[in-house]
Each structure stands twice: as C-alpha cells, then as structure tokens.
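What follows is a set of structures for review.
Note that chain A is present in both complexes that follow, paired respectively with chain B and with chain C.
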Partner chain A sequence: MVTTKDLEAHFEFECKACENGRCAKADVETILSEREGLKEFYEAFKEHIRECKRMTYGQYMFVIDREVLPDAVLWWHNHPEFKETHMSTAVGTDERPLNGHFVYMPFLSVQVEHRNMDRNYWVFLKAYLPADDPSFPSVAAKLPAALWIEREVKDLLGFNPVGHPDPRRLILPEDWPDGVYPLRKDMDYRHSPITEPKTEYRPTPEGTSLVPLGPVHMGVEEPAHFRLFVKGETIVDVDYRGFYSHRGIEKTGEGRLTYNQVLFLAERICGICGYQHSVSYAMAVERLADVEIPDRARYIRTLMLELERIHNHLLWVGIAAHMVGFDTGFMHAWRIREPVMWLVERLTGNRKQYGMNIVGGVRRDILDYRKEEILKVVKEIREGTKKFLDIALNTNTFIKRAEGVGILPYKVAKAYSVLGPTARASGRRIDARLDQATKTAMAYNEVDFKVPVYKEGDVLARVLVRMDELFESLWIVEQLIDQMPGGDIMVPIGDLPEYEEALGFTEAHRGEVVHYVMTGEKNKVYRWKVRAPTYNNLPAIPEMLRGYHVADAPLIIASIDPCYSCTERVQFVDVETGKVKVLTEAEFNELSIKYKGVF
Partner chain B sequence: MAEAVSYTEKLKKWDRFEAEKFSKKAPVTTPYPFIDIEKPPEYRGIPHINPEKCIGCGACVNACPPDALIMEWDKEHGIKRLTYNAARCIRCARCIEVCPTGAMEPTTRFEIATDNKEDLVEVVEHKLAYCEECGEYLDFTERQIEYVKAILPKEIFEMYALDERIGLTQEAKMRKTVEKLRETEGIPVSAFMLVGEVKDKKGGEK
Partner chain C sequence: MNEYVGWAFKIAGVILFLLLPPYLDGIARRVKARLQYRRGPPLSQTWYDLKKLFAIPSVIPTKSAVFRIAPYLALASAITAALLLPYGGYVPINYGYNLIVFFYVIVMVSVFIMLGGFSVQSAFSHLGSAREMQLLLTVEPILAVVYGVLAYNAGSLNIATIFNNLHLTPSLILAIIILAYALYVESGFVPFDIAEAEQEVIGGPLSEYSGRLLGVFYYAIYIKRFALLWFFVSLITYPVMRPINDVITSVGLFIVQILLTIAFYPIIAALEATNARLRIDHVVKVNVKIFFIGLGILAMAFMGW
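Up next is the complex of A and B:
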C-alpha cells in the first residue's frame, strides 16, 4: 500500500538538479540545515563566504576568500564536537581557461558521529586565486597536515603559500628548471625540460652525524631517501626526500585519456592497492554523473576490496616479521597469502590489477559455483592466520622489537591527519568505509563488522590492528557471499556533465584513498587529483623516529605500510650522484625522451 | 626435463603443515622457462587479432587505454592498417569487450619476452572502399560497409537510399544532396533528406 509518506519521499526525487543542490532554485537555507555544523560555519564566516552548494550526496562546498583559508580549515579541524575531523588533503587547479583564476581547495572529512555515514560529510573550502598573484596564507604554519600538499601545489602549479615553514621542492626532480609548472594547462604533457641539478637537503644539526637511509628502502624495496641525524645511536631528527617515482599520472589522465581509460591508469597507480584506486575513481565519476549502480556490482566491488585487504595485510605482516629478523614468520605469512592470489586470479583474470571495474559497475560477474571456492579459501586463511599469530605473538624477538617502538601519540596523529591502521593504532576512531557515504559504490552499509582501535600507538599495536582487521574482513567476505543479490552488474553512463566535481573514496588497507575528479568537455577529465594514504602518513614518520635507535628505523618506516609509488605519482632523475656523471645522465634522459613512445 | 605439475594439482598439494603428506609432496619449484605452466582458464593474457573476422572499424583503438592498438590510414594505396603492440598492452581486455565482430580473441598467453621486438607486433591491413564517383578512397573499409549492409534493417536502407550512397565519399554525398535539393526546389520534402548526411555517416561508422 502506498502511503502519503511514500509519495512525499518519491516527490523529493522528482527534480534531480534540486536534489543535488546544483539547481538555481535550491535554497541555501535547506542545504545548510541538512547536516550539523554547516550553519554554524556559515554564521562564523558569513562575510567571507561567496557561495555554498551541495556537490553530491554528503559533499558540500563553500567558496571562500583566500585570506581566511587557515582560519576556516582550523575551525573545522579543531571543532570541539566533531573530534575526528581531519584535513584530508587539498587540490590545486588551473582554471584560467574557464574563469581566469587559479583554485586552491582544501577539503576535510567531518565526523559528526563515528560509523554513521548519513550524518558525516565532506567539506570543500574553495578559494579563487588571481592569475597574476596565486598566493594564499599557508595553513601548514599552524597545521602540519597541510605541509606536503602546499609544497606540492607550489611545485606543480606555482602557487605561493605565504608563511610556509619548509618551502623546499617536494615532488619535481632536482634538475627540473624553476618556473616551469607541469600541471598548468598551458603546458603540454609531453614536454620534459632539464637543467643542471641542485639539491636542497636540510643541513645536519650541530653535534649530530648523518646516517643516510635509502634511496632504496631495505625492507619495502622502493625508492625513498631518509636522512637520519643521529647522536650516538639515537635519532635526533629526520629529513625526507622522496618522489623518485613520480610518474606524472595526473597530467596523463588530464591530457590524453577519456574517462573510462583513466580508470585503468588509476588502477596502475599502485601494485598493491590498485583496486581501491580504481573503485575510488569510478565512484567519483559516478557521483558527478549521478548514476546509481546495481546492487550486485556494489557487492562484487566490496568483495574484491576485502579480498585485497586480506592479502595486503598478510603481505604487510610478512614484511614486518622480516624487518624484525623473524624470517620464518615472513615465509609463513606469504604462504598463507598465496591462495588469495590464486582465488582472485580465477575471479578476475589476474593476480593483481584486476581490471574488474568500469565506470558504472563491474566487468565480470561472480558465478555462483565460485562461492564455494571463496568460502573454502576464507576458511583456510582464518585457520592459517590464527596458527601464524599464535606462533608470531609468542616469539620473543618479534614482541621485543615491536613493543614500545615508534610511538605515535594521538595528538600528533590528529595534527598530521594520519589515516588507516596507523591512526587506529594511535586511538583515532576513523574508518572511511563507515564514516563517509560509501553506500553509492560499495555495500559496507549492509554488512556488520567492527573497527578495531588500539591506544598504544607503537609498532605492535599496528600489527594487532591489522590482524584484527583481517579477521573482520574474512567475516565481511562471508556475509557478502551470503547476501549477494542478483541482477545486472553494470549500467551504461553515456556522456558526462561538463565541469562538475565530485570526490570518490575508499578505505584502503593503509587508510583512506581519495580521488577528486572534475570533468571537462567531451567526456574528458579536466582535473584529477589522487591522494594515497601514505601521503598523509609519511610526513608523520620523523615524529615516530625521534628518540629511537637507528636499527629500529627500517621497522618503524615499514610499520605505516608505506607505498611510495602511490604517493608519488615522472620519470625520475636522481641527482647527487650526478656530480660525477652529469653528462651521461643528461644524455640518457635526452635519449629516453627522444625515443619515448617508440616502444 | 622435469615434468610440470598442473595448476590444479599444485593447489591440492600446497598445504605443508601436515607432515604425513610430506612424502607424497610434489616439488614446488619447476624449471620454469623451459616448461609451459598451466594458467587458469579465466586468466586474461594478451589478446590476438583474428584477421578473418576483423572489419577495421577501430572500436578497439578508441577503447585501448595505453595506445597498444593504433589505426593508420594510407589513402594513396587504399589501405587501413591496424597495429597491435603487445609490449604496450596492459591486458585489460577492453578491446575484446568492445569488438563488434569478436575478432579480438582472448588468450591465456602472458610470456612475451623475446629478443626481437617485431615478434610483439600484429598488423592487420584492410582495403579501403573506393568511391567510383570521385575516384578517391573512403575512410571506411570494404568490410565495414559489408558489415553495415548485413546488420542494418531494410527500411533504413530505403529511407536514406543507402544502397547507392553508402559507397560514396562525404563530398560526393553532399554534392548529391545539393543536387537533389535543387531538383526539389519549392516542393516540401521530408526532413530526413535534409539532415540525411549526418545520419548517413553515423550509419557508416557503426
């Protein structure tokens, strides 16, 4: 029987543009009263707010003056009621071809209530910067979470964060000329200039000596250069130079690909959490096109995401065991992990880089007879991991190396906006799977699971958080198999609306992955910003290392599960060695650019 | 040469915790590059173009994210060349999905290491259709036109007079429309004759 209430509920969906808050008729008052806190913010910054609108479900945007950026960000970040609100990241856009301005836009994840995706929301604080003077007051001077992103927009777009405490180069290689900004729209994506390299390392503090760690990390086998300043055995301070594997992925995505092609590039940002990036991107595009995907696709996506989390946590615990010198544990963890890889190979067609997603759904269905197979693997892994944990947590070497090492206090974790298991091990109650509205692309709202939180903040807590999460993931997989609905697995999207923005996000096994997409003309992407969780976790590493021994450094660094290729998205040129063979290096680069694209 | 253990057999024997099975265990390592290892049937390997079925429409080229598939026109010799380069391929199988005739065939092959780059390239050449009227080659291949003829319903052919017009270049078609307009000057004609050009082209490209 249809009641009046149902009819009313139905009528709300009549006008799609109004529903989205994009319609000219959409009332500012209604939009502001939708979520708690919005009105309060509006009252506090009334004279500086130019526009406010709802971008999509649970995502609100305020266009504000650049002068009040730090105050506005800190207003949200230090909100007394919304304790776990954090500055997720920011995005810089060159909108000169559209309106003659640059845009700098920090965004925050506002947590009104833990685990309630219908009350929490995202807030975008958009500030227009004039084309001749793209400067804004630095947020980083007061909030360390903005340290890297402001250096990034300075490198890539030529913005000037006034008052930034550490305005060195972050992303671009040392032999990149000054004044060339790759993400500006007037630069072609094939252009790759080279000059003489110069390095900007921080000087060694007095009374300490330097221990270089890297450029290749010994455990994770990825490029990152840590410079440890030590007094005897104790680490006093740390300098970080990374981004050796920056590949210019965002520029390629904006320059040459259509929206469905970007999806496959997004999946290749990272070899470990590829599917998380793929789902985040697809979600962003689906949100801005306002498409609802079929339930079955949502379930299949969630299933694959959880299978990915399971094998990644096992991979990580293996590496942690390897770092503390417990190699038996390393071998066993990876042995337990292998059946998941075989399983996903059968489900998707590949061990990694599943290629399962398409904007609007998934590409392969999970056939019913496969369910048995998945349940069998889940059972095997649960038993195997229990046995493994029993052995590992009763091994003294493991406990002694991990306990009380690399402590990250809650306050520091909050100030740096640390994410994922690293944050949960320090007592932050955050999990993007439930905190934000993932229900449009994933089915987390229909399954039941716990979010483990530890208060210790040391390496052992990070191990335990991840292992608890792994068991929760196994439980989620079982529920998903049980509840899997029938029906279609994808809906076609068609043409995208022009110049719309939206955010896609998932909780990867390292923290929340965020993809910001702004569409351009002809189904292309005008701006695509990727923020991997390590981008927020890595700046907090110096805080964790201070006061511990050099021998602990590799373990502490590995304990946040860093992924450098996610974080750094250019062909790289290393430099300091360049002094001896500058010519060969430059020649090599010229050659590689000349023949780029031949094979 | 040691015998290869099949994929499924390996799955059964993997669990190493039980000691009693230990004696029956097959060796886990294999002399890999010298033997062919079994892949699961679902594995997405590099695709292969079946030149018998390919019509040269270029749907795969539009879909390919890393530009592994390239389309070139040689109007002088009347050739349209489709090149597939396995070295650039990311094995996403988008081309297989979008191919209208099933010419892109999936394989489970993944080892593409070779000492000769040319082993990685597949080239399919198509004859372009020839316009009798203006003596130039069309953008479409002969097979594309055949395919369109085979799938489009008869009514549409009659409606747009495709029988005589499908083999013409864009310029010739436009000239024909103009001529027809002159003939029918002053007489009201159905709208499709006037916008017919655009629609024609869409039909041809499909």
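Up next is the complex of A and C:
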C-alpha cells in the first residue's frame, strides 16, 4: 500500500518561500528529468522559456513568452505519445501589485500513461502580459477548448485574445459597462455599475427559424439560453448565452476571506458536487502548505466523494428519463437515490453541503457503528439500481430516443477537452481520480476499480458509462469501509507561504474539477480560480446538437449533466429592469421575518 | 313509454360524457402514481384542476380572435362527437351518415388546438402545432380506412347501425386491432403526446394558453379521449350483447360500456407510465406502415374475408 509518506520519497520539495516565492534556485536539469516529455518541451521552446519550476508534486510550470502560447499549448495537446493530454483551462491573474504585469496561464493535464498518477503531470504555461497592453495570440483560433476561457479573461480582466473567432461577452451581464473589469485588483468587490443592456446574439442564419431554449425552459433546470436555429425540426446551428447565475464567488474569495473560509464558499459553488469543490480547494491549499493529511481523513473524503457520485448519477439518470417523458424511470431513480441522502445526513449532519471538510483533513469522524449502515445502503442501492436498469434498458421507447442521438466523436471531444463521463462515452480514456496525483488528499490509489469507457459517443453510451461508474463507486465504498485506517482526522495547517501556487483537482461526477489557488499575504488567497467540468463540456453542446431534432435537444443537453451554477460561479442583477438590488443586513432580516414560512 | 326510456338514456349519456372524462383522467393519474410508488392524487383531482382553471382569467397574448374562440370550438366539437355515440343503444343525435360526422368532428378538436397554437407568435406553439398536424395527417388516413372496413362490413354509415350489423370476419378483427392503435395515437397518450411534449416544446400548441381557455381545452381533450374510447368500447360490446331491444338489455349494455371504459383506463395509464415519448419522425414512419396494412385489410373486407 502506498502511503502519503512515499509520495515525497523520491522527490524533495524545494524551498518554498525563497526569493519572494519564486524558486529560481531549483536546478532546471533535475526538474526536467523528473517526468517524460518535459525535456523535450524545453528543447523545442528553449529560446522562449524564461523560467521553469516545479510548483508541487506532479505540477510543473514554464514561464514562456506570450508569442508562443498557441504553439506551446498545441505542442502538448497534439503530442503523439501523450494521446489523452487535454487543455484543462487557463487562469488570468492581475499581478500588477506584485510585479506590474498581468498573467495568462493555460494549463494542461498531460497523460503519459493511463491510470498512472506517478507518471502523469500538470503543465502550466505562464505568460506575462504588460500592464498597458494585455494581449496575447489566441489559442482558441486553433483549439476550441480555449474558446470560453479566453472570452472569460477578456470579460473579467480585460485581456485581448488576438484572433479569437468569437470575442463576444461570455460572463458579464448585458448591462455591465464596457471597460470595467471585475477581477482586476483595483476593483472593489462591492462595486456594481450598470448601463443600458445590450445583447449580442448571433444573427439567425438565413432560411432558419429560432427556437429559444431558455433562459427559463422546462427541459433545462437552471437558467441557460440555447438559441436553436432550426429548419423544420432539424437543428442547423446553436448559439449559447449563459452565465445567468454568475455569483462572483472567485472575487469574494479573493477579496475578503481567509483560506479556511473560502473552503466553505467553495462547497457552495454547486448544489450537487459541492464536496468535490471543497476537496479540490482543500487539496490545492494543502499542496501549497506542503502538509500531509492523515490517512483516515483521506479515506473519509474519498468515501463522501463516492457517495456523492452515487446519488448524482442516480439523480441524473432520473432526469434523463424525465426528459424523454419516461416519468416512471424518473420517480424510481429518485426513490432509489433517497437513502444515500439520508445516509450522508447521518454521517455529516447535512443532506447536501456537508460542511465536512477543512483544510488539513475532515471535521467529523465516521463512527464505527455507522459502517454497517453504509454497507446496508450500498447493498440496497445496488439491488435497486440493477432492477431499475433492467426496466429502463428494456423500455424500447427510451432506448429508441437515446440511441444514436447527440453523437460526439472522439476527435471533437478531445478538441473541446470534454471531460468526465461525457468524454468517456466518446472513447476518451481519462479519469482524474487515477490519472493525476490525487493521493495527497484522497485514497483512490489504495482501492481497486475500473474506469468504464464506451466508444459510441451517443446519449445511450453516456447513460451506460454513468451506470457502470455507479456500480464501481459502490464497490469503492465497500473497499473503503473495509480498509478504513484509524488515527487522526486532521492536521493543523498553520500559516501559508506567500505567493505560492498549486492546483487541486478531483474527478467529479461530470468530469475533472480544478481549483487553482495562489496565496497572498496574511493567509489570504490572492487568486482563486475554479473550473467546473461543465465549463468544458457545454461548449461542445452545439456540436452534439447539430443535425438532430428539436425534440432531442433537451435530452442531449441533459446528457452532459450540465451544472450551470458550478460553471458560472456575483451580485443580484435583474437583466430585464436593469435594477441592482443590494439588501442591507437589516432589510434582509426584515424580509426573512416577513416571509417566514412562505419560502 | 319507449320514447321516455330513450330520452332517459340520452340524458344519462350526456351527463356521463360531461362528468366522467375528468374522473377517468383521475384514475389514470392514480394508477401511474401507484406504478411509481406514489400515493397519487384523489380521483377528483382533475376536476379540482379544471375548476381552478375555469376560475382564473386567461392571459391573451394576441389580438387574433381565433385564440379566444378555438378552445370553445374544440369543446363543441368534442361534445358533438360524444353526442353521436350510442348510450345503452340510444344515440342522442342520430341521423344517416353520422360516422363521417364523427370522424370529422374528432379531427376538428385537433384542428382547433392547432389553430389556437398557430394564432400566437411563439416558436414552441408553432412547433407543437406542426407536430399535431403531422400526427393528424398520418393517423387520420388509418382511421378513415378502418371506418371504411367497418362501414363495408355492416353496410351502413350510421354508427348505431354499424354496431348492430357487424359480421365477425378476419378483416374486422384486424381492423379493430388497428383501430385500437389509431385511437390511442389520436388521443395523444404517452408515447404519442408528441405535440404537447412538456420537456421539449413546453406544452406545444397549449404553451400560450392559461386560465379558463386552457381549462376549456383540457376539458375538450378529456371528452375527446372519452368519445374515442367509448366508440371503441361500443364496437366490441355491441356484437357480443346483441340484440338490444328492450330496457333490460339496454341497461345491461350501458353498464357494460361504462365498466369497460373505466377498465380500459388503467391499461392506458400503465402503457403511459412504462414508455418514453417517441419522436415525431418515429411515429410518422410507423403510421405510414400501418396505413398500408390498413389498405390491405380494406381489400380483405372487399373480398368478403
């Protein structure tokens, strides 16, 4: 069994806080020889690499010139040997208070070998942009995976991706004035200016008519606006406008909270995969602080993560059934799911938003007599799900609707860096649980499970991938209960090193969740970037919808298990009236007393 | 004396088709709920829903008068259709070729729903109406062919006469099977609720309707479903219970009709609960195939089989 202690057996962590947080002292040669591919990259881009360092175990950073950004990203992405390498996302940071530059930093998950977390690694390609001209050549022109993130940094930080194919507004509301960039450090988080709303919808192509799926629609649970251009009932093209539930969580986290408070904010990013976010964030900070968390805490975290996956997959399959009018499937899937919710309530005190995590471990121990309860629920779920699948997969009308619909070919899936079950249904062999070094925060390296992959790429394949995963998760839970070590459940973290960066990640139910954390002074977070899997999966939706029926649209959209609030992670702005309503605490209390019992 | 009995049956029939349809929907809801391990609403829930809808004023999103009139016309068509059917051997409105009128007024319910849908500026309404039209255009020929078989078999175009004069032939049995399918599709039950598909086109032609007008539409749809089912039930009860020539046989027939109608609803509900919604192109393909089978059956009927 590998323990966290082995983790650092081969590699020594370099000095952390030397030279203002930048480890220029580390020997380049040793770093480059640690993992395959690094040296090759160094040779290829020698003239443009300014600095290279290891941020933490399995995370490497190259500071490169902005001119070569697209080439460098594509070099990794199209590497002939590392087939499943994907551009995870990018981070834009306002580092002007530190060094007078902006930073744009795409990062990639490099997969040297499937399921080998000690050989795979993350690569960060950091480019400094001058403060007076924060522009960089667009990666998105060549790689669609960068489409959204470049629009995001344009919105939030005012960067200019030169050559971006679709530079419209992505995140900020329609009535947000031009030239105000919320994530720049000189902007206060309370500032909320508004102007006249202006919309930037794509014009309807000739000969088609518009079917608006959203902002509020039966088939989309959260506000999202798909504009389907249809001919008859066939979808010709799709325009997407979302981010109606953008809450500015990153800004709140950066401005005013301590690192432990951010954790609880992170858990509230999503109503379903909250724990995944919380673990990812905790993992990033633990990596920064270079602490080893107790084995028992790792096990408890993994257990909760898997229980979350189980109930989410059941929830999802219910929704998928509901989308095609198969309400019996919907009701039964949710009935089977409910015991998991009761179980986690017993274990943590909450049905959702467990509040179980803390940086350095977990807050509650799992009592031994509860183990039996967990095993009992697992057994129930397994039997229930088997019966359910028997019925659902034998319902001809359901299969007829799901088979051969919303096909996402492997190549497109890779170009858009689609993640999670959606990617695995298209034949991508990726799973962040084993592909990257999750062992500092979770215990996936100590359990045995399969990662189901299907090649068909249609909605049915996505159903099957999730259901196979569900059974694997049940098996993981059983192993965890069996192997649960004793000992402490947390270690204190103490002060954080200043201006250090690290990445935390988990494989959520929808794909890999990534939390990038850069610390500031006095235990605060300088930059916190959250990337939920739906952020990568949603841009691929138009590709899946094209050529299919309007009737299939809700099912196809639901098939990636979209989570808009995760993706959109600000103030309450009413787009229609353009009024900003900020409640003072007194008003808020008044309202809550007035409407007590109503909501 | 006989005239009074006739009137009694006709009035009983009218009361029945005005009151029973929402209860039938209540039965379906209850059965579906049980299949989903739920308790389900009370049997009169559909009536409560309608009562509430009738009390709420509608939002009128268009100046077109069609939008306001369509629900009432649909209701009138549905009621007319129900009036043409025999209740215990007595038909409230009985004249020569009423099979054709029945066929036509049933279509009119869908046509008015479609017109209502097309009278507003809404993509979902239009999509739903277009789907309703495709359904109608593919299922009505099947019905026409089956009616043709029935009329040829009994040598009449009067519904009551047809029921009284059917000969048991292979073509009749096949026609009844196809009729069952066509009536199920025409009634718009899952998996054929394509026009109203909530998750896809948020209610289709009904998406802009609210309050009283919506209530009237629903009521019309329930009565239409009842009329179609009653037609089918009468078709299979009459030949078995013939001859109907006095009060006792009439009462017997009437009770059997009611019981069978009620008995069919749980079956329909079970079918609804265990199916996903089909796509319009699936249904169109199937309907075209069945239409050609129907033509074959018609040919069989002409051959006297």
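Assume the second predicted complex is superposed on the first by the 542 of 599 C-alpha atoms of A that agree within 3 Å, B and C clash if a C-alpha of one lies under 4 Å from a C-alpha of the other, contacts with A are read in each partner's own complex, and residues count from 1 in each chain.
Everything that follows uses one rule, which is that a contact is a pair of C-beta atoms (placed from the backbone, for glycine too) under 8 Å apart; a residue touches a chain by one contact, two chains touch by 3 or more.
Keep in mind that this is a model prediction, so the values were computed, not measured.
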(request) Could you classify chain B and chain C on chain A, in the superposed arrangement, as clash or fit? (result) fit
(request) Figure out whether A:His322 sits in contact with chain B (first) or chain C (second), or with both, or with neither. (result) second
(request) Measure off the angle at the C-alpha centre of chain A toward the C-alpha centres of chain B and chain C in the combined model, and quote it in steps of 10°. (result) 100
(message) Just to be sure I read the superposition right, which of the two partners does A:Asn350 touch: chain B = first, chain C = second, or both, or neither?
(response) first
(request) Look at A:Lys400 in the shared chain and tell me whether it touches chain B only, chain C only, both, or neither; answer first, second, both or neither. (result) second
(message) Just to be sure I read the superposition right, which of the two partners does A:Glu338 touch: chain B = first, chain C = second, or both, or neither?
(response) first
(message) Quick check on the superposed pair: does A:Gln261 touch chain B, chain C, both, or neither? Answer first, second, both or neither.
(response) first
(request) Could you let me know whether more residues of chain A are touched by chain B or by chain C? (result) C
(message) Quick one: is A:Val550 in contact with chain B, with chain C, with both, or with neither? Answer first, second, both or neither.
(response) second
(message) Is A:Tyr369 touching anything from chain B or chain C once the two structures are fitted on A? First, second, both or neither.
(response) neither
(message) On the combined arrangement from the superposition, state the nearest Cα-Cα distance between chain B and chain C in Å.
(response) 6
(request) Take the contacts of chain A with chain B and those with chain C, and give the residues found in both. (result) 335
(message) Residue numbers of chain A touching chain C in their complex, please.
(response) 209-212, 217-219, 232-233, 321-329, 331-332, 335, 391, 395, 397-398, 400-401, 549-554
(request) Flag every residue of chain C that touches chain A in the complex, lowest number first. (result) 32, 35-38, 123-124, 127, 130-131, 190-191, 193-194, 197-202, 273-282
(message) Touching residues of chain B toward chain A in the complex: what are they?
(response) 11, 14-17, 40, 42-44, 63-66, 85, 87-88, 90-94, 97, 117
(message) If we count contacts the way the header does, which residues on chain A are in touch with chain B in the complex?
(response) 257, 260-265, 268, 335, 338-339, 342, 345-350, 353, 355, 363, 380, 387, 599
